[in-house]
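First subunit A sits with subunit B, and in the next complex the same chain sits with subunit C.
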Partner chain A sequence: MELRRTMLFIPGNNPGMLQNGGVFGADSVILDVEDAVAPGEKDAARLLVSYALRNVDYGCSETVVRINTLDTFGKEDIRAIVPCQPDLLLVPKVETAADIKEVVSLVATAEKPGQKKVNLIALLETPRGIAEAFSIAQADERVVALALGAEDYTAALGANRTKQGTEIFTARTMIINAAAAAGVQSIDTPYTDANDEQGLLEDSQTAKHLGFKGKLAINPRQIDVIHEVFNPTMHEIEWAERVIEAIRIAESEGAGVASLNGKMVDAPVVNRAERILYLAKLLGLVKEAEV
Partner chain B sequence: MKNIINREIPEFVEGYGKVIPFAGAFTTLPDMQRQAPKVKTIKPHQSKLVASLERVFKDIPVQNGMTLSFHHHFRNGDGVVNMVLETAAKLGIKDLKIALSSIFPVHAPLVEHIKNGVVTALDTNYMSGPVAQAVSLGILAKPVVLRTHGGRARAIECGQLKIDVAFIAAPAADEYGNINGVQGTAACGSLGYAFPDAQYAEHVVAITDCIFEYPLAPVSIPQTRVDYVVKVDSVGDPKGIVSGTTRITKDPVGLKIADTAARVIQAAGLIKDGFSFQTGAGGASLATAHFVRQMMEQQDVTGSFALGGITGYMVEMLEKGLFKKLMDVQGFDLEAVQSIGLNPNHLEIGADYYASPFNSGCTVNMLDTVILGATEIDTNFNVNVVTGSDGVIMGGSGGHADAAAGAQVTIVVANLLRGRLPIIVDQVLTVTTPGETIDVLVTERGVAVNPRRDDLKAQLKAAGLPVKEISDLKALAEQISGAPEALTTGNNIVAVVEYRDGTIIDVVRQVEA
Partner chain C sequence: MGTILTTAQAGTLESSDIMITVAPAAEGSGIVIELESIVMAQYGKAIRQTLAEVLMEQGIKNAYLKAVDRGALDCTIRARALAALGRAGAVSKGEML
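Entry: the complex of A and B
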């Protein structure tokens, strides 16, 4: 599974940022031709993003393009951008499985023969989208993740947006559950106050506790804070290593269940430990031999 | 001839004299006595107050061909230089050499004084704006002498820059010539760049708009070295002298570079008790202080001192106990000005004490690390901070070459691309600071270490920093922007770039209009 702790939005009409998007170490960069770009500038941004995808080295960052909705400029976006081989498209305001199917068919048509298959992340930012989360996640094998867009969602609900985020608790857990049920990732909404590092830290911790695998980011300054939260801690890694060791000993003795400090270690605990060690290895936090 | 870093320089420059070629940062040694101005006396109760600048000119008397010196603590708010030169012009004086430690856009009237023959020579450490533009186009017959802050102090002390009259813009003075920079409407903080002028000039004139009751306290420049006091209506515009709080950049690329620079300092093992540090006020330099501060706080480290131009950010670090002392040769903002007046651990130091290479010890020698900028850097780590991509003078060393020479680890921070141009070139247009004194270049796409510092390279690699060869970083930049064509300049030499020891490291040639 790909690492998507941070997915950083880069305005698609800003050549300087498009050129430098790869230097910040985000797991993904989202070149945005939707909300960041005024309607009169859509053509220019589409051209810039197409050029950037073909010529700019984004280093370790996966490339994602947030296209417009199909009823606005989305179809033109797909035709121009898919042949430039981004890793993913972020599809905004997805409400039903049919929305995904329509995008998939347009993407398949736009792909050049032999090119890398372009996968999708569905951005759920309406009450309907949240309600349909599971069927959206299952709509096509190209869907690799669900992401929450909380600003539009809370506006549609008529809820107040707060730093604590109680108003989006339901949406968050529904997305996390639907994604897990469909075997795809879940990505949390961005924290929109770039100057509030403490707020970002707490919001990211909440997201991780609930089960999100990563978070959208609107400013490069947010990346280190989010990574810090989503990276396994040394404490977690040590715990996971002890779990694996305990189950190894138990298995060699013919038992399926082990005990660690008086707590039962069974399959779900082992799964969690394995996931922590997998992430730790991917991030170079432990050496191969230790795992 | 070529100097040791392979720069083509003449053996003799008309209007400057015989050239001593740069031979290495610590190779050329002093062999002279200190400058000794004529000994003065004054009778008891004799007044130093003079009614007007014109009167001072006549009393001294200021004559054709003299050297007048000024400090630049008023920066772009300075009113004194223009006032003095207007007086000189009015009195019909010609052929003056102006030794002003830095020249700013506010000094534009200098161009007219040059055209009229009032001024025929300039000696400075930094110049930007209309005067720099005019000089680059060849307005002066004699080349400008561009020095470092430490080099200017050295030249004054060693008698190579002989000052006839030092006009010292004084935010506060008493009638007997005691001066400080912390009181008065034009308070600018430290007056450090004026210290050598006051010590070694033949005549010293304090120009102030605020006369305080005798005796003034604190005293930065003492009555024992000041001959005349002139009160004028205004010495300058406070808005151009100090800014409000100097803020940390929000540019994400600048922050990325600053973060990496702080990691370099950490990896070099310097973040420990007793740490000493210098950084500039601009962009990524000041932001580096922010990340260094976070590391110091997390690791509970108390530094020894921060040096150089001081900003409110450094004042805050002093007040929070992160540094024990600030050593301040120039204050950049209101916080720095207030602090130096109130906090006994915020010390005012002179240019010689700060950076002169020819004395028994300047403070840059005690630096662990300095963060510097660059207009261009070449693959031998030579840095240009004098000329822009169009060949026009747009800056100068200031303390750049001094701090680079002194610090244990000298770090240059720069965007790999500036505008559409790569920052790394095969040969910089003008060398200000020799590569042998630069240890690390930090860009947003990687870090390059001077091959002289394999020890440091190993430390940075071990810490997981993105260490690359400087030639690879250059190639990376050119992949994005293409390689720019080299600039062609004329033959006429408009400035000689003096290294801090008085040797010539490079020359600046005229550009086409």
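Entry: the complex of A and C
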């Protein structure tokens, strides 16, 4: 799986930010032609993003374009942007599996022969979308992640957004569970107060504890804080290494279950340890031979 | 296509952007490019060249184009020029890229 600890939104009609999007170290950059662009500027933003994709070096960051909904400018976005070979499209306000299938059909038509396959992330930001999360995640093999858009979602619920996020707890856990069941990633909603670092830290910790694999970001200043939270800690890495060692010894002795500090180590624990070491390896926190 | 039907504009005066205005010109008047740039001494010639290329690629032979550049990259200049031409009716949406 790809590393998507941070996915940074970049306004699609701002050349200064588009050309510098690769310097912040986000795992993904989301070139946004939807909410960040006024309706009268959609044509210009679409061109700017298309040219940026073909000319700007985004370094190690995966390139994602948030398109408009299909009932507005989405079809034109797909026709123009897919041939420029972004890694992914972020599809807004997905409510059903049929929405994904329609996007997939348009993307497949827009792809040039031999070009890189363009995958999708479904942005769920309505009560219906949350309710349909699993079928959306399973709708097509191009769907690699589900993401939560909490602002539109809570507005639809009539709930107030709070720093504690109790109003989005259900949506968060439904998305995480649906994504895990379908074998795709889950990405948390952005923390919208870019000046509140402590709030971002706590919100990111909550997201990680619940099971999200990363978080949307609206400001480059948020990247380091989110990475710090989603990176495995040295304590977690050391624990994972001890788990793997314990199970190796147990298996060499013919047992399927081991014990570490008096606690049972069985398959689910080993899976968790392997995930931590896999992430640690991707981040260069452990050497290949140690995994 | 290839003819500017109406005056149109794209881009902004923000840093790294370029504001481009295109206007119809009489048959036989050719291409007139008026350029202001914060990097005129270093890149004025290259910016003019890029703008002329975009017009030529779109088959436009008569046009008045004014550009106010704030340090835009070549890809931004091309995108903004095409957006202005699209709004002016000189380029169809399908031919923009």
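Quick note on the criterion: the second predicted complex is superposed on the first by the 291 of 291 C-alpha atoms of A that agree within 3 Å, B and C clash if a C-alpha of one lies under 4 Å from a C-alpha of the other, contacts with A are read in each partner's own complex, and residues count from 1 in each chain.
Everything below uses one rule, namely that a contact is a pair of C-beta atoms (placed from the backbone, for glycine too) under 8 Å apart; a residue touches a chain by one contact, two chains touch by 3 or more.
This structure is a prediction, so every number in the text was calculated from the model and none was measured.
Visitor: For A:52, decide between first (touching subunit B), second (touching subunit C), both and neither.
Guide: second
Visitor: Between subunit C and subunit B, which one touches more residues of subunit A when both complexes sit on the common chain A?
Guide: The partner making contact with more of subunit A's residues is C.
Visitor: Which partner does A:192 reach: the first (subunit B), the second (subunit C), both, or neither?
Guide: Neither partner.
Visitor: Would you check which partner chain A:135 touches, where first means subunit B only, second means subunit C only, and both and neither mean what they say?
Guide: Touch partners of A:135: none, neither subunit B nor subunit C.
Visitor: Kindly classify A:19 by the partners it touches after superposition: subunit B alone (first), subunit C alone (second), both, or neither?
Guide: After superposing on A, A:19 lies in contact with both subunit B and subunit C.
Visitor: Just checking: does A:76 make contact with subunit B only, subunit C only, both, or neither of them? Give me first, second, both or neither.
Guide: second
Visitor: By the touch definition at the top of the document, which applies to A:43: first (subunit B), second (subunit C), both, or neither?
Guide: second
Visitor: After superposition on the shared chain, which partner residues are touched by A:231: those of subunit B (first), subunit C (second), both, or neither?
Guide: A:231 sits against neither subunit B nor subunit C.
Visitor: A:219 in the overlay: touching subunit B, subunit C, both, or neither? Say first, second, both or neither.
Guide: In the superposition, A:219 touches subunit B alone.
Visitor: Would you please give the residues of subunit A that touch subunit B in one complex and also touch subunit C in the other complex?
Guide: Residues 16, 19, 56 of subunit A touch both subunit B and subunit C.
Visitor: Where on subunit A does subunit C make contact in their complex?
Guide: Touching subunit C from subunit A are residues 14-16, 19, 43-44, 47-48, 50-52, 54-56, 76, 80, 83-84.
Visitor: What does subunit A use to touch subunit B in their complex?
Guide: Spelled out, the residues of subunit A in touch with subunit B are 16-17, 19-20, 23-24, 56-57, 219-221, 224.
Visitor: Quick check: in the complex, which residue numbers of subunit C touch subunit A?
Guide: 10-11, 14-17, 72-76, 78-80, 82-83, 86-87, 93, 96-97
Visitor: With touch defined as at the start, can you tell me which subunit B residues reach subunit A in the complex?
Guide: Within the complex, subunit B contacts subunit A at residues 252-253, 255-256, 259, 417, 444-445, 479-480.
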